[in-house]
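Chain nomenclature is as follows: A, B, C, D, E and F, assigned in order of appearance, with residue numbering initiated at 1 for each chain independently.
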Amino acid sequence: MPEEEPERLISEDGLRLDGRKPDEMRPLKIKAGVLKRADGSAYVELGANRIVAAVYGPRELHPRHKQKPDRAVVRFRYNMAPFSVDERKRPGPDRRSIEISKLSKEALEPAIFTEYYPRTAIDIFVEVLQADAGTRCAGITAASVALADAGIEMRDLVAACAAGKVDGHIVLDPMYYEDGYGEADVPLAMMPKEGEITLLQMDGDMTPEEFKKAVKLAKKGCKIVYKEQRRALKRKYGEE
Amino acid sequence: MDQDLLARIKRHEVLEAIKAGERVDGRDFEEFRPIEVQPDVIAKANGSALVRLGNTQLVVGVKLEVGTPYPDSPDEGALAVNAELVPLADPTFEPGPPDENAIELSRVVDRGIRESEMIDMKSLCIEEGEHCWVTFVDIHVLDHDGNLFDASLLGSVTALHRTRVPKAEVVDDEVEVDETELTPLEVRDFPVSVTIALVDEHLLVDPCLDEEVVMDARITVTVTEEGRICAVQKGERGSLPEHLLDDAIDLAVKKAEEIRGVVKAQL
Amino acid sequence: MPEEEPERLISEDGLRLDGRKPDEMRPLKIKAGVLKRADGSAYVELGANRIVAAVYGPRELHPRHKQKPDRAVVRFRYNMAPFSVDERKRPGPDRRSIEISKLSKEALEPAIFTEYYPRTAIDIFVEVLQADAGTRCAGITAASVALADAGIEMRDLVAACAAGKVDGHIVLDPMYYEDGYGEADVPLAMMPKEGEITLLQMDGDMTPEEFKKAVKLAKKGCKIVYKEQRRALKRKYGEE
Amino acid sequence: MDQDLLARIKRHEVLEAIKAGERVDGRDFEEFRPIEVQPDVIAKANGSALVRLGNTQLVVGVKLEVGTPYPDSPDEGALAVNAELVPLADPTFEPGPPDENAIELSRVVDRGIRESEMIDMKSLCIEEGEHCWVTFVDIHVLDHDGNLFDASLLGSVTALHRTRVPKAEVVDDEVEVDETELTPLEVRDFPVSVTIALVDEHLLVDPCLDEEVVMDARITVTVTEEGRICAVQKGERGSLPEHLLDDAIDLAVKKAEEIRGVVKAQL
Amino acid sequence: MDQDLLARIKRHEVLEAIKAGERVDGRDFEEFRPIEVQPDVIAKANGSALVRLGNTQLVVGVKLEVGTPYPDSPDEGALAVNAELVPLADPTFEPGPPDENAIELSRVVDRGIRESEMIDMKSLCIEEGEHCWVTFVDIHVLDHDGNLFDASLLGSVTALHRTRVPKAEVVDDEVEVDETELTPLEVRDFPVSVTIALVDEHLLVDPCLDEEVVMDARITVTVTEEGRICAVQKGERGSLPEHLLDDAIDLAVKKAEEIRGVVKAQL
Amino acid sequence: MPEEEPERLISEDGLRLDGRKPDEMRPLKIKAGVLKRADGSAYVELGANRIVAAVYGPRELHPRHKQKPDRAVVRFRYNMAPFSVDERKRPGPDRRSIEISKLSKEALEPAIFTEYYPRTAIDIFVEVLQADAGTRCAGITAASVALADAGIEMRDLVAACAAGKVDGHIVLDPMYYEDGYGEADVPLAMMPKEGEITLLQMDGDMTPEEFKKAVKLAKKGCKIVYKEQRRALKRKYGEE
């Protein structure tokens, strides 16, 4: 949490603390295939977020009684490096990261043709090396590229982006201070081609109309992310 | 094997009912099961409630303990919500620390309480930066027949509405608590969540367990007395078509108002 | 523990703090079949104790190597809700509840025809929603009714009740203050029809004669409990 | 398979011996195995003892640490008994936190020490409400040949009788400990437990492991120097016929007196 | 099965190469893989570095936290080294608390830092006996292609060389930290470890993963700037012939000097 | 750690605090076969160290997928009794004992003909009842005798001993104060017959030459230990 609350998060001329317009995303960089050992991997920078994702699988699932005869089991582990946040985070999962891992898995699974890989496991690992706001969305974004890099068959990429409410304004992709002092946060993930929402959360205070507006803005953000994801894959694999 | 077969039969029943415009237990798509809320069931707790939502049954107990404020909110009390899915309540629940389902449940309830600002957290400060009340909200599930989210928040909010705070004074840097002098906890909202299951492109309010087993996705929307939204959570392995989201939100806001009335009438 | 020790636990005219005679039990209410999901269940109120018991089984036991070829494995978990006691109890088993779970299992197993259900598990769960003194006995009492409600074949019901020593008197079914400030506690469980003792503990200070007298009184309590257990089952299932 | 067969053969041997009025190791029904108690075996402990009961062998160490009194006994020290069934002592013992058997063992020993009031807990108070000695009694089992209960209490009581307390003074709110000035721990009783196995309606004192494997039930009775009872524990999956209970109690009281003499003679 | 087969083929390849006087990746026996060290990669850390050693890749972050000095070194700060072998880095790494491999790794790195006395621990004391800086060195492995020991120490030492300490003052018994006033951590050495694999009586410097899988034993020697040895660790299931030990030591001392130069040139 | 640092660890006439010469070991006693339940066992006293080792196996290994088709799996657990050190040690493994367990296993395994016992486990347990300095070496020494006592086929016994640097002198078998205030510690284990080193660690400050000298001295210590190990086995089993 920022140590001192800024007086206002949106300036008189409608700009945000980091100079962005309300519907502007932070700089986004995506790179596919950054690790050698993993079957697929990706690296994402979104603002000051630094995130690595890796995919192992489809691979054998032990113990056997956890296998599904008709599909792959998708597993997801979101983890923060101890040095990724202001105060050192003790290693190991806490309640927040367990919830994020569950929701991220549920955000990616609708996109995967799990039925093509019966009895196997598809393991997705996301390591947050540095956290600004929006790590869960950036993690899903990275994981989705890593899945494609691993050659896992998918209906579509999953793109994720948050919207927020800050000083009464609906803004795209809240950064650290906005997340800490804003009025609401709406992370969203979707398969843009099919118009299917796969992650949606909100906490804070919004009228139903504000919430709908935020969802709309987050979807716009997802489309930007989607473009970058495809560009990253093209860079590695050439034209689609 | 038998289990899988049973699941497939249930799935078939649920889906057949929906095709016929009905639900497997005879309800309308937008109908909650009967709600029964019984406050003050645990004398040892500072506040408590038993909730029955159809066959789903759980107890929520609120305990206040003297603790230390968080450094970033030195003039406020603290809140800790915990849900125990004890193995007594369902054949698939296992003993051990809370799993991802119990943690998701408690965090969604936590956000409903916290973001609605129903508790005046400043009223729980005993001495700034030194001592405060920590409010433990413990959800103890006894019988699981679906929609633990809404039942848990109903129980928690009711228990908090009935919570009484002992007198606490700081004497010589130590907190002295007088359990005999009690004042009601300051609460100023009554957030209610509405969980909607998506089955085969249909929205089913308050899913029972048979419906949860077959649902594609679930969305929980928590609504304040003023009709504002304070928490949303999509869950489960399926996706939610964009065109249904607005309908789900509107439906949730409408039902929240109704449910709040039903519960308040029982207090 | 009570905050201030009462001056005397037995009044001059031989009555106890709650007005009971030395050989009198607290009000006891038993209800069979209170949960829908469990195969069998029961609810017990004994004084201010509020206890729910559930039975699942006989059911498949995993992992397989824990199965017994000639009998069912009985498992028992005694658990206190965090709000059941004066000071909030942290969730999860502590040493006390692990010991109680072990002894309660050993108190019930002699009554079950485990040999009728080879290779299965019979799982018994006791949740203490509110604790006065005597939860282990009330838990065994409830569990026994839940076993019957689940249709598990038994030699007899197991009834449990404690005796204690308070201000030098042997008393039946000690309550909270008596348990905290008394001189000894003797929880006992038995199969009344066969006269077999299945749980017996004692801690405190007693002469051998006092101990034998306490055992005798606890057995008397068990018979009262036994009657209520059968009545509860009759209420649910009609005449035996 | 082989293991089961071996167990069945052992069971047969034990039962055949009993039918012939004997025990599998040649003892009388009411006879303890040889007891050897060696105090002061661990110089790093404040008190210690090695116990051999037949082939059963264990070490008990007592360590004193400065701690904080419990709020409900501000003028008393604290006691913590812990038993480690380390995998070195038996092929079935597994590494990890104490299981239900280790916990039952330590709690029965704890009750023997605590309820006999052998330790003057007030003598372990350093400053009321602030500082006290915490007495850790650690039972370390080395070789398990049955009846860990009685051997553990013998070792613990002996170690406590040999425990020396360092001088502790409060200087500027902090406790200063002088390990060179030692006074004996104030002990005022010598509780002894007697464990009796019930096999085929027979009462066998001090069961060896082969007997424990086949026993129906076990009863442990802890007796003070005055012949009073301070703890009782029935265990195992069988039941105890009512008519044998009084016999078992009388037998335990008698044997406790005898065993106490045997041990005291060695100190 | 396939895994075993694959391992056997790899083993064969590695051994064939060695017989031919080569290594499986074409290096000389005494040759390190390319080293790339990138400092200051994590702005949220007090010091950090990314290390690439061939395909092995890891990040080290240093965080300073205010804590309490150990009683036996009241005028010194504290050091805690932790290595996380997260499952992202290797298909055999599993989530959960550090296993024996992660613990050995962090302890060898710890000894390299501690025994070289590269950090002036006294400079990390804030108030004697009361407050000090605790230096957390967290090694986060991203891609495991062998020789984590040397890569981890390189990253840790680099991160420590780049660590800046916030100003800390004691005001009213509490520590006030000013994150904006930073001074470099006082470091006075640059220890480097050299790990040598023993394969078939040959010494291979900086083993890659394929070599680690087949090696008989491993020896890690940590060397200070003055060419003194501050830590040694032999590991793995094989043994080290006496006559090779001195060669290994001399080789390590020589290579340490060289590697230190390579890294320092990048800072 | 000693409470006050001694002024000097080596006296003017070259003797150590306990009167030993630099190359002299502490009194060493080894006894084979001290436990009844274990398949093999040994007891070692080295100075004030009191250590018991037990071996179970070769025995069945569960779960099955951990079995090795071509050899036995060796497991080793080093454990300190809570009362073995100055300040009570909390039961359970800490990082130090996990590392020692791993290195001790690797120190013994080269000596065992594991290929004679495919699919089995050989479990070695070392309990430190009282710790002076040098417990890891004494534990390996004891474990090696326990392995022989269990009848496990071995290439050679493994003997272990440490050397150290104290006041600038290289000394054999450092005791408590020397370990705490000395400049370096070099524990070593070897198979003396074959001249193979199976454990080697060092921490502290030494020139390469000093280190080599310390290794040489530690090897000399191992030979003394080796003699005692063989003597202990002879005492139990008679002439070899």
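The criterion applied here is as follows: a contact is a pair of C-beta atoms (placed from the backbone, for glycine too) under 8 Å apart; a residue touches a chain by one contact, two chains touch by 3 or more.
Everything quoted here is computed from the prediction, not taken from an experiment.
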item: Chain hops separating chain E from chain A, counting only touching neighbours; value: 1
item: Pair in C-D, B-C or E-F that repeats A-E, with over half of contact pairs matching by residue number; value: B-C
item: From chain B, the most remote chain by mean C-alpha position; value: F
item: Inter-chain centre distance, chain A versus chain D - centres from mean C-alpha coordinates, in Å; value: 57
item: Between chain B and chain A, distance of the C-alpha-averaged centres to the nearest whole Å; value: 27
item: Rounded Å distance between chain D and chain F, as computed from the means of their C-alpha atoms; value: 32
item: Centre-to-centre distance between chain D and chain B (centres being mean Cα positions), rounded to whole Å; value: 48
item: Per-residue overlap in chain F, given as positions that touch at least 2 other chains; value: none
item: Multi-chain contact sites of chain D, meaning residues that touch two or more partners; value: 98
item: Ring walk, chain D to chain F and onward; value: D, F, E, A, B, C
item: Complex contacts: residues of chain B adjacent to chain A; value: 72, 98, 100-101, 103-104, 106-107, 111, 114-115, 117, 219, 224, 227-243, 245-246, 249-250, 253
item: Sites on chain A touched by chain B in the complex; value: 1, 95-96, 98-99, 101-103, 106, 109-110, 186, 190-191, 194-208, 211-212, 215, 219
item: Residues on chain B engaged by chain C in the complex (per definition of touch); value: 41-45, 48, 55, 57, 59, 61-63, 65, 82, 84, 86-91, 95, 97-98, 136, 138, 140, 142-145
item: Complex interface listing, chain C residues touching chain B; value: 35-38, 48, 50, 52-54, 56, 59, 77, 79, 81-88, 91-93, 123, 125-127, 129-131
